[in-house]
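Following this line, the structures themselves.
In what comes next, chain A is part of two complexes: it sits with chain B in the first one and with chain C in the second one.
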Partner chain A sequence: MAAYLINIAQHRLRHLKQEIRFKLNAWTISALILGLILFLPMAEVLWHLTSPAENWEHLRDTVLGRYLKGSVILVLGTAVLSVLLGVSTAWLVACCEFPGRKIFEWALILPLAIPTYIAAYAYFDLLDQLTPLLIWVRLNISPEAMTLLSDTMVYPVTIVVLAAVLYPYVYLVARAAFARQSSQCIEAARTLGHGPQSTFWRVALPLARPAIVGGVALVIMETLNDYGAVEHFNVPTFTTGIFRTWLSMGDLQGALRLAACLMALILFLLVLEKWLRFGARFHKSSQADRPFQRYALGQAKAGLAILCCLLPLVIGFVLPLSRLAYWASFNAGKVLDASFLKLTLNSVGVATAAGLATVVLALFLAYTARYFGSRTVGATNRLAILGYAVPGAVIAMGILLIAGQVTRTTGWVLTGSLAALVLAYVIRFLAVAWQPIDSGMERNCAQLNNAARSLGANAARSLFQINVPLLRNALVAAGLFVFVDTIKELPLTLVLRPFDFETLSTRTFDLAKQAQIPESSVPALCIILVSLLPVIWLNRQMRTPEK
Partner chain B sequence: MKLLSIQNISKQYTANDAPAVNGVSFECERGEIVALIGGSGSGKTTLLRIIAGLETPDTGEVVLDEKPLNSPSVFVPPEKRDCGLVFQDYALFPNKTVQQNITFGKGAADDPKQVKRLIELAGIGGLEQRFPHEISGGQQQRVALVRALATRPTLLLLDEPLSHLDPELRDSVRTELLKLFRETDTTVLFVSHDIEDAMAMADRMVVMREGAAEQIGTPGEVYDRPVSQHVARLFGKTNFIPAGLLPNAPHSIPSENGTGRVVPVRPHQWRVSDRSPAFSGTVQSVTNRGSHREVTLATEHLALTIHLTEQIVINTGDALTVSCTLPD
Partner chain C sequence: MFLVEPYSFLTARLWHGRCCGTTALVNQNWMLDIVETVSHFGEPLARFVMKSFLKSFFALGLLAGVSVSAAELNVYSHRHYDSDAILFKQFTKETGIKINVVKASADQLIQRLISEGKNSPADALLTVDAGRLHRAKAAGVLQPVKSRALAKKVPAPMRDPEGHWFGMTVRSRVIVYSKDRVKPSDLSTYEALAKPEWKGRVVARSSSNIYNQSLLASIIAANGKDKALAWAKAVRKNMARSPRGSDRDQARAVAAGLADVAIMNTYYLGILANSAVAADREVAAKVGVFFPNQDGRGAHINVSGGGVTASAKNKKEAIRFLEFLTSAKSQEAFGNVNHEYPVIIKNNKSELLKSWGSFKADDVNLSVLGAKNAEAVKLFDLAGWE
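== the complex of A and B ==
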């Protein structure tokens, strides 16, 4: 064992020496520095895990447990419900034949277009439906029982709302795993005499496990990132805790410690995810479906299947969208004015800047690591893209810390500037652009870069003549994804927006907070419409086979 | 001074795994065609990539035309090496036409006459404005070759140049390639797992096994005097006769199971004859292979594989006596 580890250490050291000696140049050095800069805000927050904070003892003894409990219940509940919804619908759509299957195949992704906080506003009165029950409990049992019940009921309600719009992450990967990677094994199981149930439990599900774990990880990250929904339903979680400690109690150090705890929790989850996947590669879901003999369902079963697919679709998309559209039809006149145009332009402006900056940076970082075969740049890239897992509120705190240090050393005021806001978006969404660009490069350009090098082309020529033209589609898609994510983003924007700078998402939040939910439906609808773009793109990607 | 000199190259990809290349040394003369041959995982492609600069060796030196490319303190990046590389899957740029592909290389566009001559030599005239996906696999391979040659490299490296071609094409392409290399006076190092390609094209071959160079020599030397049972088997089924049974054999090799020495005898080196030392036994099976019949003969201690061209009647169960004729 010791010899084994020593071998690894020596091997790594030799590589590091080679990298330092042979692979340091203007490209790799800039990529290393940029990668570390993008990671810096997250590192700063993590650093505060141990830094002194006056009220920490008090926070720890009073609220930390509550926030931890709230976050864990919410994460577990949302993850479990998302798996139930996502895997069952994926199995039905991929492996069974019933009327409407083809429509459900794409329609089941639609809830992805609804951000969690907007889903919560669309169901703003869900908790109120329980009021008669609560009154009954108070009158017939005891006031304490009522408090307990109302404290408990927020969890299932929030979990249902979150899972209804987050399950497509699981659905997408599970469907791809069933239809593409394991279809041959499913066919083999059938020819060996296994029925649908036994095939599902013994073949399809185990094979899809790594993919499903990946999808669940995304659900969990989104759940932890959410601020609007938990704030609305008044669920005590880390994000609500950070905002409350900081904005209501004015305790920045305490909020930082909370953010650091959340960051530690996320790192733990990332390690857990890796371990649960057992090193199985996240299957690429870019190939088209293979022709596949689906299970034909009888009438009764087909009816059940339709119900099963309809349920998440209605709760996650049809119902919230139609409620919002209904309210908007009354309030559009009131809300649509010059200031609305301005905040729309604000949203589009920062989202365009963030999209462009993120794509350029992601392209540069991914290309430099691949072209020079530099493991060190590859490693700093992985650090830089960690932002996808880190809640917006935490990144915002990190940016504020850095901005404060910059102001102290240089006198430049970054806090409350557009530059800081866009930088925060870049950090939060770098992975969204980096992932498709990097995998596109691996698939299409790795060998071509080698060919270009052996023909004497330098790095810039390879980049602009080979990689950029070949990756055009991936670059556009990456930019679009970041653009839309930026428009949807709430907590980070709330913290870092310049004074008096409003966007569609902050206006939605502000109106909802002032109990003007019907009015908030107008900006919310705009966000949903924009968010449908990548969903349509995803849908097309699912259908068109790649050459 | 040799054109290419490889000294003690080693490369290990993952700690605790066997190294991909383990202390290989050899040299190439100017104008020579050298084959790197071996099974999959023998390290031949890694070695080629190291020479091209696409991998960094852990130890060792590469010197090309008296210019050090790799040493403990030197690493010349691939774009600055004077090596052309033809990839196994050709790696043509799909967004560029044949002409643009060919003139992409450094200095390739400077001499249009040379490019035109290469295009004609390779027989791909008229395809210049097509895109790679619009031409056949054989044409793509020639475009890749011309693209590499158009930079007038000191050394041309080829990765499995014939592996994608069907058997009918292979023979003619081999001849064409040889002609092209001789006419352009190119020094070539190519990787192949196919012994026939290496025999037909190479002036010398380096047989790789488990990352090491097992034998270096002309095709004739390697065929007639393999240094091990592994090298002998590269050329197909081979009988290994204990040296004691063939006392006058000109060449013997250590046995793999460590029990003395054995003499490699190819199946076609047997004749039906009782000239001493002769081997008698019973025919176990007869398989018609078209040009010859493959006979398995069980003698007292050995099972021999024999290729018979004689037109005699032989059936399973017959008694047969054979002897072998070995080259000096």
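== the complex of A and C ==
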């Protein structure tokens, strides 16, 4: 054992020496520093896991358990429901033939355009619809039964609302996995006498599992990130706890400690996800396979399939969108004025800045790691993109901390500045831009970079003359994704926005919080319409490999 | 830097306005400085002459300033009511002072005032409860004000003893009951809601809300910490459902039959009674208002009020603004439009408020509520009142 460890250590050391000897230059050093800077706010928060906080014992003994319980129930419920909705529809669309399949194929992705808090506002009265039932229970069974029912109903309602807009993450990856699965595997299963059902359970599902786990991980991250929906339905979770501790108790240290707990929970989930995948990457097979022969469904079964696909689509998109549009048609005149134009400009301006900055940074980081083949930069890159897994509220706390330290040492006031807000967006959404750029480089540019290098081109020339032109589409897409994610973002914006600086998302939240949900539908609709653009683009992109 | 620039045009107007209002003042100080320098070389007479000359010049300049370009006032406000928009307009009409309002939650506004420090453009801060005013004072973002008019018009318990803030309107946190299922004679005090007979019959909103925090702070002040904790625990156990929604939602729950009594603020019932939505008016008709603790310390009240910020560049205008809000006319408007009690409760003119009857108010100094706020939040946590 000891010899083994020493061996590994020696191996690592040799690598490090090589890195220092051959790969240390202005590019790698600045990429290293940038990667670490982007990770700094998260490291700061994690550091507070053990630091003393005056109210911590009080928080731990009274509310921590409640937040943990609320968060865990929500995460489990939303994950299970998303898998049910996502996998079943993905299987139907990818492997069965029924009328309307082609439409569902792209339509099922649409709920992705609705942020969780807006879904909650669209269904704001869902709990109130239960009032007659509750009163019946109160009168005919007992008041205690009603209390119990009323308190437990909060969870299913919130879970349904969250899963209805988050299931597309699972649907997307599962559909791609089913569609790409080697048709040979499935046909082999058929020849061996497996019907569609047992093929699904014994071949297709196990093969798609790593991809599905990845999709579920995204659903969980989004659930833990949500603030608006849980705030609206009054579910005690970590995010609501962080805001309450910070604003109601005025205790920043306690809030930080809560944020650190949440971050620890996320890291645990990330490790769990790795472990659940047994290290397997998303399933990839050769693209050259023959197109898959879909199961043709009979009339009754086709009807069921249509119902099955219609349900999530209606709950997650048609109903919320039409309700919002209905309210907006009454309130547009009241809400649309000069100030609305200003906040739209704010949203667009800050999102453009975040999109540009993120793409430039992601390009630089990914390129440096790949061009110089530096493992160290690769590792710091992984740290930097961790921000996508971390809830916005946590990143906001980290930035606040760092900004405080900067102010103390240099006198620059960072808190409440647009620069800090944009930096926070960059940290939160770096992965969104880094992922497509990095995989694009791996596919298209690796060989060319080597060729250019052997022909004497330097790193900058190779970047601007080979990588940027080749990756143009990926860069635009990356920028677009960050742009839209920024416009949708709520908790981070709430904490870090400069004062008097409203965006579409904060206005939606503020109006909804003042019980003016019909009025909030106007900015909410704007957000959804903007978000639809990349959803449609994403859809086309995911479909191309199928041919 | 370029990140900040594109937005500058949006705020340019505000800044420009501020400068206009204070130009005269700034120039004046600069000239006084010169006088000070001159006097250093010793010419007391010349100094006296110059100073008096400059003083009269300053007065003229200020007058000219008011008549030529209107002065402005920057207000940070948590109040988002129609009554305020009407009153602000009225103030501008009477005084020629234009008001720029920035609306946000009091917590954010205070954080903002702290981080802006001396450079804050704000002249006055308005919040909807004494607890936040106290927190603002503790954070050092308000300054003491001496105004005879304010001292006269705002009763002592409704203002800060050192003049950092003044109450403008009063709201009482009362027990609202279902007219069908509860007789007013069943009700007596806040403390009585902790009795087992109310099991499964009470609703209230979350303890994250400042109104509940201030209510518990008043109970801490009256009965002590231990009894207050026991009260919060027992009331939480008596709740028909876990705390959720706004004060209005509590009235709706009682009217619908989910519960029999709610703890809520009076003016929300006024808003429901005057709502454009028929269902809301029905809710208001089905419930009654009960002022608790009439044989004891009185019903819990809180104020919405304001103060002059420590950084105020237009202090005079800010004081004038606060005085305007406490004038008889403004006080009447708060009652008629937003269903709040005037700061001298017995001066109430609103028919709706009169219909709820007169009541005895808890006369604990409201700054106590602020001082006990953090303790109240902790007790709520301990009591499991989420």
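Just so we're on the same page, the second predicted complex is superposed on the first by the 521 of 547 C-alpha atoms of A that agree within 3 Å, B and C clash if a C-alpha of one lies under 4 Å from a C-alpha of the other, contacts with A are read in each partner's own complex, and residues count from 1 in each chain.
In this text, a contact is a pair of C-beta atoms (placed from the backbone, for glycine too) under 8 Å apart; a residue touches a chain by one contact, two chains touch by 3 or more.
What you see is a predicted model, and the numbers here were worked out from it, not measured in a lab.
J.: Have a look at chain B and chain C on chain A after the superposition and call it: clash or fit.
T.: fit
J.: State whether A:K274 touches chain B only (first), chain C only (second), both chains, or neither.
T.: Neither partner.
J.: Looking at the overlay, does A:R14 come into contact with chain B only (first), chain C only (second), both, or neither?
T.: First partner only.
J.: Answer with first, second, both or neither: which of chain B and chain C does A:V422 touch in the superposed model?
T.: So A:V422 only meets chain C here.
J.: From the CA centre of chain A, what is the angle out to the CA centres of chain B and chain C, nearest 10°?
T.: It is 150 degrees after superposition, to the nearest 10.
J.: Quick one: is A:K102 in contact with chain B, with chain C, with both, or with neither? Answer first, second, both or neither.
T.: In the superposition, A:K102 contacts neither chain B nor chain C.
J.: Once the shared chain is lined up, is A:S248 touching chain B (first), chain C (second), both, or neither of them?
T.: second
J.: On chain A, which partner touches more residues: chain B or chain C?
T.: Looking at chain A, the partner in contact with more of its residues is C.
J.: State whether A:N346 touches chain B only (first), chain C only (second), both chains, or neither.
T.: After superposition on chain A, A:N346 lies in contact with chain C alone.
J.: Chain B to chain C: minimum CA distance in the overlay, Å?
T.: Closest C-alpha pair between chain B and chain C: 33 Å.
J.: What is the shared patch of chain A, the residues that chain B and chain C both contact?
T.: none
J.: Which chain C residues qualify as touching chain A in the complex?
T.: Within the complex, chain C touches chain A at residues 3-4, 6-7, 10-11, 80, 102, 104-105, 107-108, 112, 115-116, 135, 199-201, 206, 208, 210, 213, 239-246, 248, 252-253, 256-258, 374, 377-378, 381-382, 384, 386.
J.: Which of the residues in chain A end up touching chain B in this complex?
T.: 4, 7-8, 10-12, 14, 18, 21-22, 373, 447-448, 450-458, 465-466, 469-470
J.: Using the touch definition from the top, list the residues of chain A that touch chain C in their complex.
T.: Checking each residue of chain A against chain C gives 55, 58-59, 62-63, 66, 127-128, 131, 134-135, 138-139, 142-144, 146-147, 150-151, 154, 233-234, 236, 244, 247-250, 342, 345-346, 349, 353, 413, 415-419, 422, 499-501, 514-515.
J.: Can you check the complex and tell me which residues of chain B touch chain A?
T.: 12, 14-16, 52-54, 56, 58, 73, 75, 77-81, 83-85, 87, 89, 91-96, 104-108, 147-148, 151
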